[in-house]
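Naming follows writing order (A, B, C and D), and every chain is counted from residue 1.
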Amino acid sequence: MEIIESGQKELLQPPDVEEFRRWLRENKSPALRDKVMDEHEAVKRFIKDGDYIGVELYGTVRCPMSVIRELVRQGKKHLRFAGQGLLELDFPLAAGLVDAMDITYVGYEVMGLSHILRRAAESGRIKLVEWSNAAMSWRFKAAAMGVPFIPVRSMLGTDTLKYSSAKVVKDPFTGIHVTLLPALILDVGIIHVHRADKYGNAQIDGISGFAFEMARASKRLIISTEELISTEEIQRYPERTIIPWFLVDAVVVAPFGSHPGEMCYCYERDQEHLVEFLKASETEETTQQYLQKYVYGPKNHQEYLDLIGRDRLEALKRANKGR
Amino acid sequence: MSTDYSPTELMICIAARLMKEARTAFIGTGIPMLAAALAKKLYNPDLIAIFEFGGIGASLEDLPRAVGEARTFYRAMVATGICDVMETAQRGLIEYGFLGGAQIDPYGNLNTTVIGPHDKPKVRLPGSGGANDVGSLCWRTIAIMKHEKKRFVEKVDFITTPGYLDGPGARERAGLPAETGPYRVVTDLALLGYDEETKRMMLLATHPGVTVEKVLENTGFELIIPKKVAQNEPPSADELRVLRTEVDPGRLYI
Amino acid sequence: MEIIESGQKELLQPPDVEEFRRWLRENKSPALRDKVMDEHEAVKRFIKDGDYIGVELYGTVRCPMSVIRELVRQGKKHLRFAGQGLLELDFPLAAGLVDAMDITYVGYEVMGLSHILRRAAESGRIKLVEWSNAAMSWRFKAAAMGVPFIPVRSMLGTDTLKYSSAKVVKDPFTGIHVTLLPALILDVGIIHVHRADKYGNAQIDGISGFAFEMARASKRLIISTEELISTEEIQRYPERTIIPWFLVDAVVVAPFGSHPGEMCYCYERDQEHLVEFLKASETEETTQQYLQKYVYGPKNHQEYLDLIGRDRLEALKRANKGR
Amino acid sequence: MSTDYSPTELMICIAARLMKEARTAFIGTGIPMLAAALAKKLYNPDLIAIFEFGGIGASLEDLPRAVGEARTFYRAMVATGICDVMETAQRGLIEYGFLGGAQIDPYGNLNTTVIGPHDKPKVRLPGSGGANDVGSLCWRTIAIMKHEKKRFVEKVDFITTPGYLDGPGARERAGLPAETGPYRVVTDLALLGYDEETKRMMLLATHPGVTVEKVLENTGFELIIPKKVAQNEPPSADELRVLRTEVDPGRLYI
C-alpha cells in the first residue's frame, strides 16, 4: 500500500494506541466506586492545562454546558479541542484557553457563523486542522477500536484532506484509493446524558450522535447527567447502557445541563438566550460581558440555573412534547 | 400559480420538485428541510429524510430547528448515531444530499472553510461539517446557493466538499465512489445542472422573470448555456398553501 | 504501507464495495412495504444456489433455525457460509449443501466437537478459510462501513492468519504492524430477533452479538422474529431499532424460532433435544435420520413446533426467568 | 483441607486463586466460568466477568451454559455486542483471558484448529472462535489444559492462538500489543508459568501427590524446572463448599 497523498497539517494528538493501552491499564479501574461529584471537583481532578478535549454534542443538543462553564471558570490553559460545536467551543475560545483545534464545524447552522471563531482564526491566534464531521467521529471510532487508523471514502480529492493530517493509500484488496484517518485519542471526553447511575453507567434517549465512540476514545471521561438512577434500573435494561461504568471518571448530576441547548424528550432549547449570546458574541467586549454574567458570575451550575430562572426552565420543559 | 411569493419560497418549491422521485435524502437545516417536508406532503410521501446525527425517517410534521434535535427523529423509525448514518451513505444507500456554501465553482466544488488563505483567512467559515461526507458519499448532491458573482467563482478559495474536482473522471481517480457527484444547483435565479461530458455547470431553467443574461451577469465563470433553456414554474397555489399552512405554519424559516 | 504478509487462502467473497454500492442502489428500496411472509417464500425468493450466507447467532442463542430448516428443505446448493455456529451450519453441511466456509468456530462449546464438520473437513469435501470470531465480526463491520478493509491487532503471527486471506501491513502513522481484514459482504444474511414490525424494523433484547454489523453487511436480509409488533411501538422507541426496515427483505414470524436454541428473557434452550441431535450426529446414517425426522419431515415451522410439542415448548418458556 | 475432590474441582480452585487480584477477565464456557464465579464469591467480589458476545459484569449467580446465553448478562450492567467487547480488549481494558486447546507448545502457542495438515486434517477441531482474539489482545492469558504428552508438544500442528510465538520479542515483532502474552497454564497435574528471559514454559507448582517426574513424563517438550518447585494447596473446605453449594449446586459442570 503505497502512500498516494499526505495531509500537510501536523497531528495534534498522536494515534499511539500502544501508549493508550498502557495508560488505560495503569490508570483505569473497573472497581465499582461512587463517582458522583460536582462539576468543580470533576474539572479540577480530571482536566489539566494542555489537555486535548472532546465534547460530544450535535447542534444545540445534549451539550455538556455545566461542565464547560466550570472549565472556563477554572481557566484551564493551552487546551486543544476536537472542534465540532457551538457554545461549548466558543466559550473556551472567547476565554483565550484554546491553542489548537481539529476543526470540522463551529457555527450556528441557520443562525449564522461563530463570531468568536472568526476572531480567533482570522487573527491567527489558533491553529486549525481540517476534517469532516464523519471523519471526526470515525477518528473516535478508530481510537475506540484500539487501532491507529480507519479507512474511509470521505475527504478524498479536497483541500479538507490537504489541510488535515490524513493519508491516502491504495487498498491492497481492490485497488481503490481510500483515506486513512488517524485515531483520535482524547485526554478528556465530556458527555451529557439523560441518566446514569453513580458508577457512571449511562443511557441516552433518541439519537446518540457520537457518544458511543467518543466515550471509548477518551482517557479520562466526565459524564454529566440530567438524572441519577439506581444501578438496579441499569441492570434491568443492560442493552441500554451506551457508556459502561469502567470508562467513566466522574458523574456530575446536572439537570438542565444542556441549557441553553435542548435535551430530547425533556426540554427545548432556549432560543431567546441563544440569540442573546449570539448578539453578545459579535464584539469582543460584549462577549466578555456575557461570559462575566453567565459563566464567571455564577459559582456553580445551581447558581447558573437560578440566574436563568426556574419559570423559564419550566417553560422549556413544558414546550417539549415527549415521546 | 401565484405571483406573491418570496425568493426563498420559490427555491424551496424548486428543490421540492427535484425530490419527486427521490427515495432517500440527506437533509440539512433550513431550505432542504422545508423542501423535503413539502415534497413529502405533496409529491412523495415515501421520501425518507435522513439527518446526519442519527434521525432516519422522521415524519417532518414539526420542522426541526437544527440537524440533531428531537424533531429530526420525531415519529422516526430509527434513532441511531452519526457513524451509522454516514456509513449508510458510504454503502450507497443515500441517494440525494443537500449542500450549501459560500463559494461554488464550475465543477460544483464547494467552499465552507475559508475566504482567503487557510492560515490567515479573510473570513473563517464554519468548516466542512457533514458537507464533505455528503458530497463524497451520496449518489447525487443538490447545492442551494445565493446566485452572486462572488459566490459563483472560477476557482474556490478552498475545496471543502468535492464536486467534480477538476473534471471528468477526477472523482473516481481520487477514490470517491463511482457515479456520484453534483446533480443540481438551486439558486434564487435559476436551476442549474452539469454537462455530462465536461462535468461543468450548465443552466437548465431560469426562474420566472429572470433572463439568461441576468444569470450570466451573476456568475463568475463561463456557464454552459444550452440551446433550450427552460422556465421554472412559479410556486403553485397548492405548493404555497401547503408550505405556509402545513410545512412552516409558525414561519420559522419562511 | 508495504505488505508484510498475505494469508495464502483465496477470498471466498471479494470485498468489492463499489459493486456493493451499485447492487444496493439497484435492488434495495426504502419504500414501506409489508414484508411479512412465511419461511418458504422468504427462502425461495431471497436465497439462491451458490450464495454466500451469514447466520447471526452465538452458541445456541437467538439462532434463526426455522429459516435454516427451510433452507435445507429447499435444498439450495453450492452454498458458502460465514462459519460461526452450531446446528445452523451443521444442518446444511450434513445435507451436502456447502462448498466452502470462512470458518471461525463450528462446535458445541463444553458439549464437544461437531461430528458433521469433522466428516466434511476430514474427507476434504469442503474448502475452509480460517479466521477468529472477532475477525469475522470485524469483517462484517468493514462491509457495514462500506470500506474494503478494516485494520485490527488480532491474528498476527499465527497460522490462523496464514490460512486466511487477510494481509499484514505497517501502519503509516505509528509504524506498528496491523492486520487488514477484507470486508465480508454477504449475499444473504439471516437473523432472528425478539420483535419486528411488518416493514422489518427490528429490536433485540440483551446482548446483540454481531447483528448490527451483519445486517448492514448483507445484500439480502431475512429477519425472523418471535413477535410481530406495530410500527407505532417502533416509533415510540426509535433508539431500540437495531436493524432498520430499509435493510430488510423478508420478515418471517417464528415463535420459538431459535429452538432447540434459546432466546434470552423468553425461553431456555432445549438441552434434551440438543443431546438427541448430538448423539444422532455421530454417524452419517443417524444424522440423515435426524434430518428426515426434524427437517425434511415437518413441512413448515408450525409443523416442526407441533412435532416438538406444545408442552415441551411451554416448559422451556417457564424455565426462563425473564429480566 | 480436603482429600475428597475431583481433578476438575482442583483445577477450578487453582484458576480461581489466580483471579485474586484480577480486575477484569474474559470468560469462556466451562472451567473459567466456575473459576470466575468462585473467585468472585470467595476472593474478589469486584472481579468483572466479560463474555465475548456482549455480557459485561454479570453476577454469575446462575452459571451460564454457553458464552452467549442470558446468564452471561443476567444482572449485568452492560449487554453489548462482540465488536464492542473485542475492541475493549484491543484498547487494553481486559486483563486476563482464559484459553483451552488440543495442543500447546513451550511458548504457549495453542492449537484448536486441526490435527494434521490443514487441508486434509486427521482431526478437524472447531477453529479459533474468540481464542485468537483473547490470546492476542488481553494482557495475560491463562491456559487450562489436560496434561498429556500428546497435548504438550514441541511444535503444535497449527498455531491457532499466539503464545510467545517463537520466543522473546516475537509477539511485538508480529505487531501484537506490547507486554501481552501467556501467563499461566493450569493442568490436572500442575501450575505452570513462563521463564521471563526465554519465554519458555516453566513448572511453578505441582498438585498434591504429583511429582515433578510425573509432570515431565506427561510433557512432550523440554520443560524448565526451577530450583524450587512449589506444591499447590488442595481445595480448602471453604472452596469446595462454595463451589459445590453456591457456584454449581446443580452440578452442571462438576
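Just so we're on the same page, contacts are C-beta pairs under 8 Å (C-beta built on N, C-alpha and C of every residue); 3 or more make two chains touch, one makes a residue touch a chain.
Predicted model only: the values in this text are computed from it and were never measured.
Engineer: Which chain pair is joined by more contacting C-beta pairs, C-D or A-D?
Structural biologist: Between the two chain pairs, C-D has more contacting C-beta pairs.
Engineer: Using the average of all C-alpha atoms in each chain as its centre, how far is it in Å between chain B and chain C?
Structural biologist: Centre separation, chain B to chain C: 40 Å.
Engineer: Using mean CA coordinates as chain centres, what's the gap between chain C and chain D in Å?
Structural biologist: 28
Engineer: Where the CA atoms of chain A average out and where those of chain C average out, how many Å apart are those spots?
Structural biologist: Between these chains, centre-to-centre, one finds 37 Å.
Engineer: Among the residues of chain D, which are close enough to touch at least two other chains?
Structural biologist: Residues 55, 73, 79-80, 90, 137, 177 of chain D each touch two or more of the other chains.
Engineer: Listing for chain C: what residues touch at least two other chains?
Structural biologist: Where chain C meets two or more other chains at a single residue, that happens at 17-18, 145-147, 152-153, 176, 178, 206-208, 238-239.
Engineer: Touch graph across the chains, line, ring, star, complete or other?
Structural biologist: Here the contact pattern is something else, fitting no line, ring, star or complete shape.
Engineer: For chain C, which residues are in contact with chain A within the complex?
Structural biologist: 1-3, 11, 14-18, 145-153, 167, 169, 171-174, 176, 178, 180, 182, 204-208, 236-239, 323
Engineer: For chain A, which residues count as touching chain B in their complex?
Structural biologist: Touching chain B: residues 57-62, 83-84, 103-107, 109-110, 113-114, 117-118, 120-122, 124, 128, 130-135, 137-138, 141, 152-160, 163, 168, 176-179, 206-213, 262, 264-265, 269, 271, 320-321 of chain A.
Engineer: Considering only the defined contacts, which chain C positions touch chain B in the complex?
Structural biologist: For this pair, the touching residues of chain C are 17-18, 20-22, 24-25, 28-32, 144-147, 197, 199, 201, 216, 231, 234-235, 238-239, 241, 244-246.
Engineer: If we count contacts the way the header does, which residues on chain D are in touch with chain C in the complex?
Structural biologist: So the residues of chain D touching chain C come out as 28-30, 51-55, 65-70, 72-74, 79-83, 86, 90, 109, 113-114, 118-133, 136-137, 158-162, 165, 170-171, 173-177, 253.
Engineer: What residues of chain D sit close enough to touch chain A in their complex?
Structural biologist: Within the complex, chain D contacts chain A at residues 23-24, 46, 48, 55-57, 73, 75-80, 87-93, 95, 137, 139, 177-179.
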